[in-house]
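The structure under discussion is supplied below as structure tokens; questions concerning it will follow.
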């Protein structure tokens, strides 16, 4: 098979396997060993996410954009089976031949695929079988890894790392998709119970400090991934962009501020909206972020803890690009460009940063207030819409073959989001990371940071 | 509560409870006792139908016209809770207050209802809770029944009998809906295994005898239900219709004959079709009955036994009214009117008739050939489309209140079918029974009997 | 060509041409001569209807169910060219070969046809060319007629009469379609000016007398066309039906009465509606008949005279079957069956009956009040919805060939209307006439007469 | 009124009217005088475009994206009436008050507007009235202009120039929209006759020379409009971008080359397509550019000259962004970014450049071959899709008020096209001009120039 060129691991060795390496199995390097430990941890995490759910909960697809939890669990396994076991194990036998089609998401080069909108109809295989599939593939992969030749190892490790990052993306989607599914149930069931004493202060007494504008100078900035550590192909090549001086808000827009926008008629005045956004407001009858509703005159929102009062000091989430852009225009500001964001974002220290899926005090909803000086809340809580269309970086090339379909073919009619959310695994995010969704998508934890020309 | 007038039981006593009856509890009559035994048997049967299925199988809704098995199990229970327990039990407490909305099908007079197309999103309550709901309602109903006053009993029994017939209708729907759901899965899983040795003869060597035309004289015929035994309100009042002499085919159209229609270009020639049917053929790209497909040049069809070869001698099923009508025109015949069918149909002897859900040698697909003289196959195997629009009989009146919504409000743009199918409970069918579906419906076991003017 | 059997003229001679007739041209009979005079009058009438309109007005199709006036003018001409000139004139040359496809409405046997919903895109040929087409076909037909052989004449005359009745149907459609088109224009332009002094009394002071119920006995009634005079194939064969005793309202439901229904919440209470009707009310947001709107608290409606106040005493028009049925249920009545209507309807005396297209004091909107005893308003003003689905009469057979597509293939999911409207040519209507539209159609002049069981 | 800031004329004087200028009428400056002459010429040109068409041709809207010719003629007039006469003429009376709504395109700040998809239903006012409207507004404007005060003049002139450029945009749309409308007619009528002897060589003997790749160095480039001459607000502010070295094809992709792509299975292989593009190919069943079809095995295309053979040497037109992008990927290249195009494009000399609406030897279809050295075909024939999403330039600000809706609110989900087409007025195009359409739009004259990284 081709050496994968789509991902950009930290060492050339990973990308250029030594042609003279002997073909006999070699002990895995410490790097490889670490990857296998990570493999076990990440694979376990996906099952942990599904643990509070019944087989029925894992079955349902609440809209075409979302997938059933069971499908996520199977598809991430299919990825390892298809791109690692099938290619590196000479004695490969598929766990079940039909899974090749059932659990292919969008890889045309792999062959046929089950229609996306019908994933929820697959009651067979049952969840129990999918969990068996996971165990089987995991066991086979862990058996295979030590027996690889030196020549195979770097390609294998690259694909393994890709598979792990792929699975982490699906962990986030599992949580966003199941939130949407649960929200469709009039019982408004909680995914997990909220710890007692965790509610925001009644009446929203906590008030966010006014936004501080942090100034950044213009000039040439280096943007994109390079060097050590995993990154997706769409973060490369690292390249230079020319920026004008700009200002970024030190914190995210809060639920309280967004409520001001609503109360000021934000959803009724076309002058704040892009033309396509205004059409959407009227045809879909948007009048608040997704999951917000008024009960007895009070605004509440559906969360993974069930229905909760708003937290006026926490970041607003579940707004579309259209809403983020309209809010910014109403506020006399604009959304940041992705290069502006990346240049400004501090390096990420996972252990201490934000409210993310693997954080010690994880909450599955945005919680952070705005304490402290400087640029805050860059990682976790909510993804930040940027004003940048999702386009390839200069000299971007997709990898040949199926894995080349990972990112490139979606570079159209989508906007870039940065910084991760409360359901992003903390080890999955970085300053160069580019997430992307269409302008009308609202089921992600997507929020707003303002920018200005200086 | 009102005395229910919507159903037409056999004695006036049922419909006109004695106003002077004492209010104290009275031993149930033998009739009431039989009803309670039937109640237990029919309630058990529904669970038996669901038994081969997983909770996941019971969760999914494969199209808006179909409902999840779990929903069927809950809604039939809701019917007893809402129309019997809530009205007759002075100490009534709902099992769960939310179920009133969740499991209301279409009774506007009962209040709000969950949107039909979103029944499949209700992962909560889980199947286990719904089964608990069933047990709770059943127990409460069996406790309540002996404690009714004499004055309550006839109204109670009438509603109980209605509830049982309602549940039997849903038993049929459970099997048709789950067939559709399983058919959407590329694995084409069987609902139950076919007994070995049960397949039709290979190569279709068995050939149906040619149709014999049975002649019926014209004149005034009495049509509709009257007298002893349960019937739905839409079968009443019994009334007279004037018929011209006519001929009925002695047997149903077979799969082999329908294949001749296909092979003769039946789906490509507009002259055989109603205008709306031809539009449907082209827009939905129909080219065979639902569930039929060609594999390697052979026609096979999906059944509750999984994929099977056609049985050329067995009745064709899963055709729409449009297809039945087009086939008849191609064959130089027409479909029977419902009064022609009812006048001709023999009285039903449940024990010996046909292939129906409760038959001893039940098969969940049409199986019967055409042996024997006279009018055959009137009951079981497939519902027979008639040429009659579903309209109220003269002097038909809906009952007041919610149960009056049972039938009358659907009398528009539907066609009547007669005779029951292989998934109709044998104790549920009778000569006066009127089933009805839109002209384009194909997921029922619906087939064709030809008629002619004489 | 085949002798047409689809229409049912008054004499057997018309249907069974004498095989021994000489082939030489024969002077047209007085009957034929009358037909040709009628031909000239009816053809002129269509142009007269279009006369107040510009070429632009004649171009536009405001919805798929409607057609442009230009298309009506061309299609009616195509009918004569295709079914008469092409078959009877041995030297036939088409006026323009492309017209065969462009102006075919739905005759599959004639070949391809331009898609119905795209008729409004045909700016070429221009109206001037279509008028030239009309003149050319008319001239050719008038030249051909005297030169027919005796053997040809009866078939020719039958088709000619069919063509004339076909054109009269399109005259009605021209007026209903152009009303819809003009109503889409915010300028709400009048088709023609209302004569001064023609308005209903201000404030609706005229009050309709209460409905009188006229009783009709039950028994066997003869229904359908037979004998002298033209009728469409769907009015035959004449046959017997068995009726129960019934009552008919002596007059039509008025605009004032319908307003009572609206004001009583008729459009907000599901209990009055068929299930499919209630779905329609909510999805299409119906809250009054088509063309009614409230301006400054007053109800007004769009008419061919432009916007007008309601006339509380005049019949309500532009209601669907769903609305007619819901109104009847609200009023404690029902709609009449078509046989009930036909048995009760008086013979039509064109000269004195009603407000119809050819009436001396024609008004293009319903105008009549309820004066006089007995059954009133059977002809003209508005079509009366019946409770009868549009089904073939016993022993109905479509004619072979293209003209057999005239009526039969539409006998599905439509309801019969009786009696003609203010835009029906007075010479086109009769007691046996069956018009038909889907249950949700509102752009015809369709209204309500109540019935009751006696 | 506000001084318009949305357009960027050549002198500050235009943008900053002298506050001390006297209020008395002053002779128009030579600049103003030239503008008025241009006004008369451009207004006449629009009528000239409509001249070959009938009132019926001018009436029809063939799809929601297109508008009727009559509407274009009225809307461009509405622009002058609304933004000039109403604001500068103290004695202003509207020509017709209803036109304010009927002919508003998308200016929410002006008030209500007629729904876009229903523009084709407006048979009233007739074309004759719209032409009268044009004359009236023109006369009033020409009377008003000399009477303006000095203080009014610069704002007036700015808006006048905007109105003229607006009208030129609509001239292009008139030709693209009427091409689409005529193409829907099975008669495939020509807009104008092709001069005899103008056809491409039979059999496509002329063969385009292979593409030459022109190299451009990287570095900082100045992009956008500044200084003298009109430009739209979306071309400003002029700013710097950082480019990497790149190559541009010296000529456009030809119809012959595009046919090679088709014949190589371009429309059947997902690997060439963006994901959204591939979905479109399958759902809309694209298999060639818009207007191409195969007749008897030969590819022909509909043009404003009617059906024509392809010209293998002329640029391909009527491809979507999806198709342009897929073609480029198939060809091992990519589309240029808009800054790459602008930096490379030669200054435009209108008199000698290309095939444009006002060219001496105008042809309403792409005609040019690839003769000559260097970068060719930058202006005229076809718009060139760029890889750049339509986004605001840094520090872009919309003007306040209605005219601020001109461009900014459309900056979402569109791609930039450069260079003008055969139906762009030659005096309307320039190097900085940014046209924009959604990725699936095909009814514009849009084509392909390839680019590469160097």
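Residue numbering begins at 1 within each chain, and the chains themselves are lettered A, B, C and D in the order written.
Please note the rule applied: a contact is a pair of C-beta atoms (placed from the backbone, for glycine too) under 8 Å apart; a residue touches a chain by one contact, two chains touch by 3 or more.
Just so you know, these numbers come straight off a predicted model, no measurement behind them.
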Quick check for the class: compute each chain's Cα centroid; which one is farthest from the centroid of chain C?
A
Chain centre separation (chain A, chain B; CA means) in Å
48
Chain-centre distance (mean CA atoms) for chain A and chain D, in whole Å, is 39
Whole-Å distance, chain B centre to chain D centre, using C-alpha means?
61
Numbers and ranges of chain B residues touching at least 2 other chains:
none
Building nodes from the protein chains and edges from chain pairs that touch, which of line, ring, star, complete or other describes the result?
ring
Which residues of chain B touch chain C in their complex?
106, 108-109, 220, 239-242, 244, 270-271, 273-278, 321-322, 387-389, 391, 394-395, 409-413, 439, 453
Chain D partner contacts - residues on chain C that touch it in the complex
54-60, 62, 70, 98, 101-102, 114, 118, 120-127, 181-182, 184-187, 189
